[in-house]
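Here come two complexes built around chain A, the first alongside chain B, the second alongside chain C.
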Partner chain A sequence: MADTIYAYVQTASQEPLPPPGRTTGTIYWIQKNLFSSFSNTLLTVVVGLFLLWLLPILYNFLIGHAVFQGDANTCRINVDGACWVFIGDRIRFITYGFYPPAEYWRPNLVFWVGLALIIPLVWTGVPYKILNAALFFLVFPVFAFILLNGGSFGLLRVPTELWGGLMITLLLAVVGVVGSFPIGVLLALGRRSKLPIIKTFCVLFIELWRAVPLITVLFMVSVMLPLFMPQGTTIDKLLRALVGITVFYGAYMAEVVRGGLQALPRGQYEAASALGLNYWKSMAFIILPQALKYVIPGIVGTLISLVKDTSLVSIIGIFDLLNAIQSAGSDSAWATPTKSITGYAFAIFIFFILCFSLSRYSLYMERRLNTGHKRGN
Partner chain B sequence: MAVDTAGRLAPPPRTAFFNDPVIRGYFYQALLVLIVGGLVYWLGANAIANLTAQGKSLGFDFLRNTAGFDIAYTLIPYSRTSTYLDVFFVGLLNTLLVSLISIVLATLLGFFLGIARLSPNWLVAKVAAIYVEFTRNIPLLLQLFIWYFAVLKVMPAVKQSYSLGDMVFINQRGVFIPSPVPDDKFVWVVVALVIAVLASIAVRIWAKTRLEATGQRFPVFLTVLAIVIALPALTWLVTGANLALDVPKLTGFNFRGGIDLPPELLALIFGLTIYTATFIGEIVRSGIEAVSRGQSEAAQSLGLREGDRLRLVVIPQAMRVIIPPLTSEYLSLTKNSSLGAAIAFPELVSIFSGTALNQAGRAIEIVGMTMAVYLTFSLIVSLIMNIYNARVALVER
Partner chain C sequence: MNKKLLTLAITAALGLTATAAQADTLSDIKQRGFVQCGVSEGTPGFAVPDANNEWSGLDVDYCRALASAIFNDPKAVRFTPTTSENRWQTLSAGEVDVLSRTSTWTMTRDTTLGIKFVGTTYYDGQGFLVRKDLGVTSALELGGATVCIESGTTTELNAADYFAANSMEYSPVTFVSQDETLKAFEDGRCDVFTTDASALAGNRLDFAVPDDYVVLPEIISKEPLAVVVRQGDDMWFNVARWTYYALLEAEESGVTQANVDEMLGSDNPGIKRLLGLEGDFGTPMGLTKDWAYQIVKGVGNYSEIFERNVGSGSPIGIARGINALWKDGGLQYSPPIR
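This part shows the complex of A and B:
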């Protein structure tokens, strides 16, 4: 075969290409994420300038020029900084409301005992979960009630009208969270039930509560409920609000749990039946553990809404955190220009910590309980 | 299983009747009926006893009585001599007004936030994420208080109003903006606009038919834009119609003329918009993320252009995920508008379940009517949602 020279066959070797640009390191990252194109650069500059304008203002107001020492007069002079001494002066009212100061140890003790029971309960590594849960769900409520309300064991009785502030907010949040969950699970199971009357009842109950705003529910329990009680009975206002919030969020919880029950493949239900488990056993050991795991984000989202909505009780005249801060601000001794904004900043801080830690905990639980069976993993 | 001599299957072993799930089912249901029925009877009997003791009766006659109180902001004519029924409608309309405005604004801001969180620009995505996390974790009521008491109520007094170009005035009593006053001939401009819109729809249908028949494209968007702007503008010039502006003027102690937006209304709109927008942003983000990358790659390999890829492939699929939670977000915005009661905006709960109830003392009727209104909203929305879901549901094998 002769050495034919084809035009398309190269005779000389190609010049090597230049090495590719950086694909690692800080400079590359900045280039890629902040300055990749003209419009991107423009966005970065605009947002950057906005932050450069905003952050110093926030810093100066909250910390830089804020009043940490002094009294109301210091705040009156200094108008461009938060008046933290106002919070410091009113912290007892904001925390306990009108609770008698000599008895502050009682809510404190309840708080620390509650915390000591909750932390090991939600911390997945800690043993004795059943004992812990029994203590928290059965013994602790009785203990908390006796201690907070008093009237027995030689304790001074403190009627709930005197309770207030952060104490009420935490109480509403914890009772609402603990109470709405079982209500929600039962309603969700009822809605999925094959028994027609139970199913209809649950559907109506859930839809009715979900259709109305919480504030009308609170109005209902505060003005309408007394009309439906036998004459002469008065139910404590705080208790009525508690029941209202708990049942209201129970209905929301039911819809979240139903989502989990529906997402579970049919085979799980059939497998539970094939093992010979009866309804309650198959729900408790097979269906619910899986279904609830699916909907952790939804459950925690509902709980976060609940914590935020505890603030609505201030509309029916209960002194929760927000209401306590509002009325602490209307004290004429503290008529300073920045005190109301400082009060709101403090309320934001408390609610943000409560809600944000709940949402972080949900992410942690999701990762912790992820068994890798979820589709798409 | 036991088989007898004739080869038939023996009946399964009988369980005790109280272990039979069917009988248990009947038992539980009967129990529920008894408990609920008993409860309803007990509550009803108590209510009747209480009402007779107070010398009251149930009924909606009170709706015709004179309400006798003023309402700060009404969309329909209302005076002190109006009836409780008028109060109901004033409240209902105010609720609808606030909800509609907030829904539009929250949707715009929410889509913006959702897209910003998906931005390839790290700074934009981070700022949007921090903003969303921060705003959604603060109770709406607190946000309303901040807007109302800490922002709008500390605006300067009427005489020292901030003014924007002597057209818009901002002070303690709210924001005053000019209102347009069209003259008689202006109706032709509106007619022209309607014709232009109809023509645009016709152009779009014609262009689509032609594209499907011949494959030739037609610049629909530019044509439509030209028609919608040019036709009314031309009519405006030809007819010599005039659109005057009624600018608010400081007369005496307050502004006259223009449109008055009271601080209660603004605070409620700001609060609802900003709070709900963060949730809408998260819905939009998850909707867009739910469309797998393969879909847009498949569209690309079919030869669709960038715009068509988004319009025909990605957005319709994202909307399927976005719309159901979006409507329930709209519904909860409408329900949240009842928080206007806390900042004295005269919406349904504030004036009807609040003031009217305190005066008339008809707790059962008034709370019942209020709940019925929200129940109706919720039923209408779920009806529309069911129809929509049936239309867009994935057709699977």
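This part shows the complex of A and C:
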């Protein structure tokens, strides 16, 4: 066997190719994300200049020149910086409203117990979910009501007119979120029901509530409702606002959930029936878990707007966080040029923490529940 | 069906008016143990949450006076913050017994809303705020000035009337919100800022250097800020009205929170009648004999309330002006207690 020389077989080894460009590291990230094209570079420069202009101004106002110590007179002299002493001085009012100071432990306790129940509930790794949920959804509301409202077990009665500030904002947000979600799911299922009465009712209910602005709903419950009631019987104003907000957002939630139900392939419904599951079982074990997963971003978007819209209750004279800050600022003892803007900055900060944590949690859940349905990033 | 609904609505309306006519607010309050008082959400000097998380202000003190008259306890009152939009309904729905909320007494309101104005606790009116270095001491010297005004308000119309009536030229610069108007004034975009005088004094304090500004003495409109109750309960109306008069009467006779116990020994028949030592003026109203003593003991007289909330004892520092007693040249006047 003679060696055949094949002309097309290379005899010498090829020069190695240059190494590929970086695909990791800061420089690569900057190149790819900030300066990848002309328009991208232009945008980066413009935004960069804007931030260079804005950030020092914000820093100087909020921190650099801000008044952290002193009194109203210090703030009056120092007009270039935020008046944080105002917030410090009125923090009790901003947090609790007119709640009697001797009873502050009650909202505090409710807050910490609520937090202690909610964190393991939303953290997927923790066991005993059913017990935890039962405690949070059934026992905790009763506990919170007894403690906050008082009047039994030897607790001083604190009527809701005295509640205020951050306490009211959190209460409205938590009750709104917890209450509107089941309402939304039920309405969404009802709207897709084959029973005409249920379907008509749900459609009318959803469309009616969605057709009115929240402000109108709040005015209705605060102004019109009492006129229909017999003289002398009044429903608590806070309760009315709570119900108004919850039902209003329930209607919005229903449409988000319906989106998820419609996105689910028909095969899933048929498979559930084929397994012999009845309506509620197929909904609970097959349909809803998948449908809700599709619409997590929509649900969280609705919840975030709910949290922010709680500040609308100020128009019916309830002292939520924002209204409490404004009212505290109307005291002539704190008549200073910067107190209003400082108050608003503080409110922004609190609302940002609330909404941003909700949004982060939704991302965590999306990753956690990702079982291969994810389409791209 | 429609007829049925209509009948139902009419019955309901009649039912409501019937209950309103029989309403006995004073008994309800006594049974409940506290007065429910509608105030504003935060008006400097009139109703604000203070450093101790308590309501304070002139409007607030009137409610405390009511509570003192009924329960001998200025704290037996619960405050409901109301907005300018929901105040009338809050009152007519019975959520509050009395509205003490910087509400201007006008004819339309008095005759159409089913309410009764009790008395003017503060005579307000539109005034002018100018920079001191302008060197102006009277509104009559404002000819040719630029004026910062909130648009679409009665303030705007009043200013137009005033300048026309005094044959002065002026150029209005209007803004949609009060904050914006104030900012423009502070930035020097106009010479004059105009709104209600009680608010002017408070606004002035928000400027970087309040002492650079001065409120001119002229008041160009009538804004009587009055206490309001529901129509159809004359007994309660009497209590509300005479509580206000007792505050004035106490000031007129020189009875103060500090000296009221001393005054019990006074020989002055007027003071004796006021404090319930001679005659009984409380019982016919449904109160006790010493109702006015309790009021003064609880909150002081009108002058004390005025000075600590909006007058010399407060940062706002409004002069008594037309809110002085009639004998000092003001408008506050109480019919005699006899």
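Criterion: the second predicted complex is superposed on the first by the 319 of 377 C-alpha atoms of A that agree within 3 Å, B and C clash if a C-alpha of one lies under 4 Å from a C-alpha of the other, contacts with A are read in each partner's own complex, and residues count from 1 in each chain.
Note that in this section a residue touches a chain if its C-beta (ideal position, glycine included) is under 8 Å from a C-beta of that chain, and two chains touch if they have at least 3 such contacts.
Computed from a predicted structure; not experimentally measured.
K.L.:
Between chain B (first) and chain C (second), which does A:Ala133 come into contact with in this model arrangement: first, second, both, or neither?
P.N.:
neither
K.L.:
After superposition on the shared chain, which partner residues are touched by A:Pro159: those of chain B (first), chain C (second), both, or neither?
P.N.:
Touch partner of A:Pro159: chain C, not chain B.
K.L.:
With the two structures laid over each other on chain A, which partner does A:Val223 touch: chain B (first), chain C (second), both, or neither?
P.N.:
So A:Val223 meets both chain B and chain C here.
K.L.:
In the overlay, answer first, second, both or neither for which of chain B and chain C A:Ile315 touches.
P.N.:
In the superposition, A:Ile315 touches chain B and chain C alike.
K.L.:
Under the stated touch criterion, which partner chain does A:Val47 make contact with: chain B (first), chain C (second), both, or neither?
P.N.:
first
K.L.:
Is A:Arg76 touching the first partner chain B, the second partner chain C, both, or neither of them?
P.N.:
A:Arg76 sits against chain C, while chain B stays out of touch.
K.L.:
With both complexes superposed on chain A, which partner does A:Cys355 reach: first (chain B), second (chain C), both or neither?
P.N.:
Only chain B is touched by A:Cys355; chain C is not.
K.L.:
Per the definitions at the top, what is the overlap between the chain A residues touching chain B and those touching chain C?
P.N.:
219, 223-224, 227-231, 314-315, 326, 340
K.L.:
Report the residues of chain A in contact with chain C in the complex, numbered from low to high.
P.N.:
Its residues touching chain C are 76, 79, 89-90, 92-93, 96-99, 101, 159, 161, 219, 222-224, 226-232, 234, 237, 314-319, 323-324, 326-333, 335-337, 340.
K.L.:
Quick check: in the complex, which residue numbers of chain C touch chain A?
P.N.:
So the residues of chain C touching chain A come out as 12, 15-16, 19-20, 23, 28, 41-45, 48-51, 53-55, 78-83, 85-86, 89-90, 92-95, 179, 202, 205-208, 210, 314-316.
K.L.:
Under the definition above, what is the set of chain A residues touching chain B in their complex?
P.N.:
These residues of chain A touch chain B: 33-34, 36, 40, 43-44, 47-48, 51, 194-198, 201, 207-208, 210-216, 219-220, 223-224, 227-231, 278-279, 304, 308-309, 311-312, 314-315, 322, 326, 340-341, 344, 347-348, 351-352, 355-356, 359.
K.L.:
Help me check something: in the complex, which residues belonging to chain B touch chain A?
P.N.:
21, 25, 28-29, 32-33, 36, 43, 46-47, 49-51, 53, 119-124, 127, 133-134, 137-142, 145-146, 149-150, 335-336, 338-339, 341-342, 349, 353-354, 357, 363-364, 367, 370-371, 374-375, 377-379
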